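Across the two complexes that follow, subunit A remains constant while its partner is subunit B and subsequently subunit C.
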Partner chain A sequence: MHEAMQQKSVLDFEAAFRRERLRQRIQFLVFGLLFALATWLAADISQFTFARLWEATPRMGDYLVRTLPELHLMSLPGDIAYWYYGFDRWLKLLFDTLLIALLATLFGAIGGLLLCFPASRNLVKNYTLYFVCRRFAEITRTVPEVVYALIFVVAFGVGPMAGLLALTIHSIGAQAKLYSEANENIDENPLEGLRASGANWFQVMRFGVLPQVLPNITTYTLWRMELNIRSAAIIGFVGAGGIGQELYHAISFNYYEDISAIVLMVVFTISLIDLTSERLRHRIIGRENLT
Partner chain B sequence: MKIHHISTEEMARLRQHYPHAFGRTPLQRLWLTLAWLGFGAALLFSLNHLGVNFTRIWNGLDRMGVIAGGLLPPSSGGAFKELFMALLESIGMAFLGTLIASIIAAVLGFMGARNIIPNWIFRFSLRRSFDFLRGVDSLVWALVYVRAVGLGPLAGVLAIATSDIGTLSKLYAEAIENAEKRQTEGVRASGGNRLQVIRFGVLPQVLPIMLSNALYMFESNTRSATILGIVGAGGIGFHLSDRIRAHRWDEVGFIIIMIVVAVFLIDLISRYLRSRLIHAGAGKGRQAPSSMIEPH
Partner chain C sequence: MLQIRNLEKRFGTLKALQDVTLEIHSGEMVGIIGRSGAGKSTLLRCINRLGNPSAGTISWHDDPVSQLKGRALRQWQRRCGMIFQQFNLVPRLDVMTNVLMGRLSYRNTLLSLLRWFPREDRARAILTLERVEMAQFALQRADSLSGGQQQRVAIARALVQQPQLLLADEPIASLDPHNARRVMDILRRINREDGITVLCNLHTLDTARHYCDRVIGMRDGCVVFDGAPSQLDSGTVRQIYGVEHDADFNEGVTSTWLENDAAPVACTAT
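Presenting the complex of A and B:
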């Protein structure tokens, strides 16, 4: 009797195991097939073949070699000076790029902060207000910065102002969305306390919500600054200011050595800022975890 | 209960002894004012330096109003099929670029992880190369590839793959370094060789993180792939910049709506797949991915 029961449970287990295994295999097969189909479609649509890739490889190598500057050990300072003949101009443009990114981050953070409270489900009673604010933030952040830049160049003329506005609009949407997501994860008890002691809506936001989300907001803002510097470096491609314009010309007119010179400057600056910002972000997160 | 009243003299003494308990001291207030003034001056200088001024904004707003009015109602201009195919091309470029990048990055990620290859000179130079690939935006890569391999979506695929190899390799290397040691030790203890340690000790731990990060990149690449066409690297961006230059605003509005919807759908699919991945991982007692990339 006892043995039979034991045997039955073993059999049950084995049946369940087989069922689970079959389920997993079918799932794997279905996802695998879908994935293969998607890959085939993507390759077909983008006309990607290995033959074309193979054909292109030597040309890519050739291009890369051409961008390398001619540097000789004997005349190194002179060679570098020749390579970086436009250093002063590029440095000024890089400074513009940084200013665009920093200002856009600042305005984006201010705009995002103003918009994030009505865009948080837990902080407003009026569903329509929440819905409109949240969708507005999501839509403005979905449109790429370069698209705004293209439009603003037409409206405000060529120059860094169009770029600044483009990055600002995109940042406001992106920041409002991230901030409001942080708002929705807060502890509600302090808000109750404030409400009970007669605080109005603005005071609840200022003294109840903001202190809780400030570390998150700071981290997101630093992260946005890193992204904005990358974007600010390329919006010049469409005439919206910064070093991008110069890089665009260098690539379009095949000034090979200029390309490597400018790209190195940009990458160096971006890495430096990323490193600093990453340190700061980790420090903020670290402090957050301690308390 | 007796209430102790503080006299004015006592108050003055307290104020002298503990100035910080009574709000900001005059010196602090002075510094704060100076800091704000400095900030304001820097702000004004920056705005002026970038050529931002009230007249330009005012004049631009006029034209902006015309453009905004033109965006509505959106119209496909009779080329819906063409635009739709171009949008699919953008998504295809993003998909293929991410796929190529994640395959290459899986190999490079293992090579760049400290616990797999301990040689620090090799690792350092590899990590800096990742930073370089990552530091150059995909639009720059696209322009370069257009010059190198010609116009068309192939340049776009390669551009996305190149900049993603940098990002994904870095993330994968970090995920591999954070992998639990006990499982690799277990495989080694039961006689597994180096390759088996990676296959059975490390890979099961990091695969969900890798896939999840790849999906994140696919989302973000869909957004970038919609603009690569501006420099001729395929996709809907070409049509968008073309319509903007021709001031055909109703078609611009239509294309922007198409992009927003497509990005939204891709986000939805990717979020669903990612939640499944994390769910599957959590079911087996795995931790949530620690080296997930930050949101966009």
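Presenting the complex of A and C:
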């Protein structure tokens, strides 16, 4: 055995192995240090200290308690009716929010689908076209919805239109990026089969790529819908319509009981939709694994 | 007639094809043999223009093929059907749609994207499927079929292109002997009955001997043999496949099935 360990191939491997392990350790050390530095900087900039967190916690509790409605067992239906005096209006606003989210998801899916093919490295020969499409998707996706919403509220005025536009633009970028990453992982043999029989680029995308990525695209789109519903509720805070705008109003005017009433409605609706969508997504994924 | 003159294909510094000059006559069935890396696939891909030649010319009935671009190129590809070792069907589409893919180049892009094909296309597809004995699977997904069945669908897809030339890149290399024979029989019939010129890369000598009128041997990107199968003696075979086989070259090494053609095929259950 000792002799075998002295053979050149073994020695060479051992040397290469030691070098590789050293490299990994240095890498770990460097990145660990960088991470620690970044954490410290972030805490410093945001003036985070555990003492401040500790002080603020009871205040947070106070605030929450104040938003609770007065409910008595004896007069429960009346109390609830009083608590939810704005139910009809809130329901309509919540519906607005859902509509904003759904439409933005639909437009985002359509736009993302159109954009994702030229944004996939394996599907276009023209590097400039690919580069422009991919970067466009990444840039539109990187800007948060709230920033778009602020811009559009200034441009189009307060209301759902601004919210819809903001979510749509962000969704197009985000979906294009996700879809194109799915495109880049497909089996390219079928594409060759189509190309070899004289199909043009659009036909190759439609029949070679789309069928392969459709399950992925469907789950990504459902997932985007879940995200958009949450975002649609939030961007109301800057005046982009829906239930968020009402919630912001309640918070800034200290209508404590309204806050809890609206938040409960929102949480309940979002959970319901999340659960359904998640079931649906898992079913799609599950079916794919079977076939 | 397919004319190839001084064809060269480089991948970086590697010359996958060097100075290949060939004439293939209409209606011939030609087998191309050679060991792995000899450039067989590269040659077929250049002819179909899945790959672009680095130098040299290819022409079909005096039409220059190696210069074509865009629409004209796609029309050439339609006349020049191709089948592959891995079948290259779209796995998630049904057999019928896969065959209709061979009609895409005849159709308006917008309508075809909506998956609209005229009835005559569907009729042609189903009749062609019948020829390769796959009509009963028309509505089944391609990935639910066995390899041999998929290859027959791929042949049907190539046939509905109404090609004049059919290129086959190791069509039987991933099939069991029974299915391999079935696929080769179909290629032979297409060649004989439809007069389609067939160019077929083969791993195995005996297949080439059995099915082809003419055999081309390639080695390191060059044509080193071109003649009738009967001219393939052990010297030329050694030259094509290289010196490793020198000591006791045995054709069985490159064989997919037993030499005895008349023997009933036993392995249908695989």
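As a convention for this text, the second predicted complex is superposed on the first by the 251 of 291 C-alpha atoms of A that agree within 3 Å, B and C clash if a C-alpha of one lies under 4 Å from a C-alpha of the other, contacts with A are read in each partner's own complex, and residues count from 1 in each chain.
Rule of thumb we're sticking to: a contact is a pair of C-beta atoms (placed from the backbone, for glycine too) under 8 Å apart; a residue touches a chain by one contact, two chains touch by 3 or more.
A quick note: this is a predicted structure, and the numbers were derived from the prediction, not measured.
Novice: Given the superposition on chain A, which partner contacts more residues in subunit A: subunit B or subunit C?
Specialist: With both complexes superposed on chain A, more residues of subunit A are touched by B.
Novice: Taking the superposition as given, does A:29 touch the first partner, subunit B, the second, subunit C, both, or neither?
Specialist: neither
Novice: Based on the superposed arrangement, let me know which partner A:247 touches: subunit B (first), subunit C (second), both, or neither?
Specialist: first
Novice: Once chain A of both complexes is superposed, is A:132 in touch with subunit B (first), subunit C (second), both, or neither?
Specialist: A:132 sits against neither subunit B nor subunit C.
Novice: Under the stated touch criterion, which partner chain does A:208 make contact with: subunit B (first), subunit C (second), both, or neither?
Specialist: Only subunit C; A:208 stays clear of subunit B.
Novice: Mind working out whether A:16 is in touch with subunit B, subunit C, both or neither, as first, second, both or neither?
Specialist: Neither subunit B nor subunit C is touched by A:16.
Novice: Once the structures are superposed on A, label A:103 by its partner contacts, choosing first (subunit B), second (subunit C), both or neither.
Specialist: In the superposition, A:103 contacts subunit B only.
Novice: For A:189, decide between first (touching subunit B), second (touching subunit C), both and neither.
Specialist: Second partner only, subunit C.
Novice: Check whether A:199 is in contact with subunit B, with subunit C, with both or with neither, and answer first, second, both or neither.
Specialist: Only subunit C is touched by A:199; subunit B is not.
Novice: Do any residues of subunit A touch both subunit B and subunit C, and if so, which are they?
Specialist: Dual-contact residues (subunit A): none.
Novice: Under the touch definition given earlier, write down the residues of subunit A that touch subunit B in their complex.
Specialist: Going through subunit A, the ones touching subunit B are 38-39, 41-48, 52-53, 56, 59-60, 62-63, 96, 99-100, 102-103, 106, 138-139, 141-144, 146-147, 150-152, 154-157, 159-161, 164, 174, 178, 220, 223, 227, 230-231, 233-234, 237-238, 241, 247-248, 251-252, 254, 259, 263, 266-267, 270-271, 274.
Novice: Looking at the complex, which residues from subunit C come into contact with subunit A?
Specialist: 48, 50, 74-78, 81-82, 84, 86-93, 97, 101-102, 104-105, 109, 112-113, 141, 143, 154, 157-158, 161
Novice: Under the stated contact criterion, what part of subunit A meets subunit C in this complex?
Specialist: Checking each residue of subunit A against subunit C gives 187, 189-190, 192-200, 202-203, 206-208, 211-212, 214, 291.
Novice: Tell me, which parts of subunit B touch subunit A in their complex?
Specialist: Residues 43, 46-47, 49-52, 56-57, 60-61, 63-64, 67, 85, 88-89, 91-93, 95-96, 99, 131-132, 135-137, 139-140, 143-145, 147-150, 152-154, 156-158, 223-224, 226-227, 230-231, 234, 240-241, 244, 247, 252, 256, 259-260, 263-264, 294-296 of subunit B touch subunit A in their complex.
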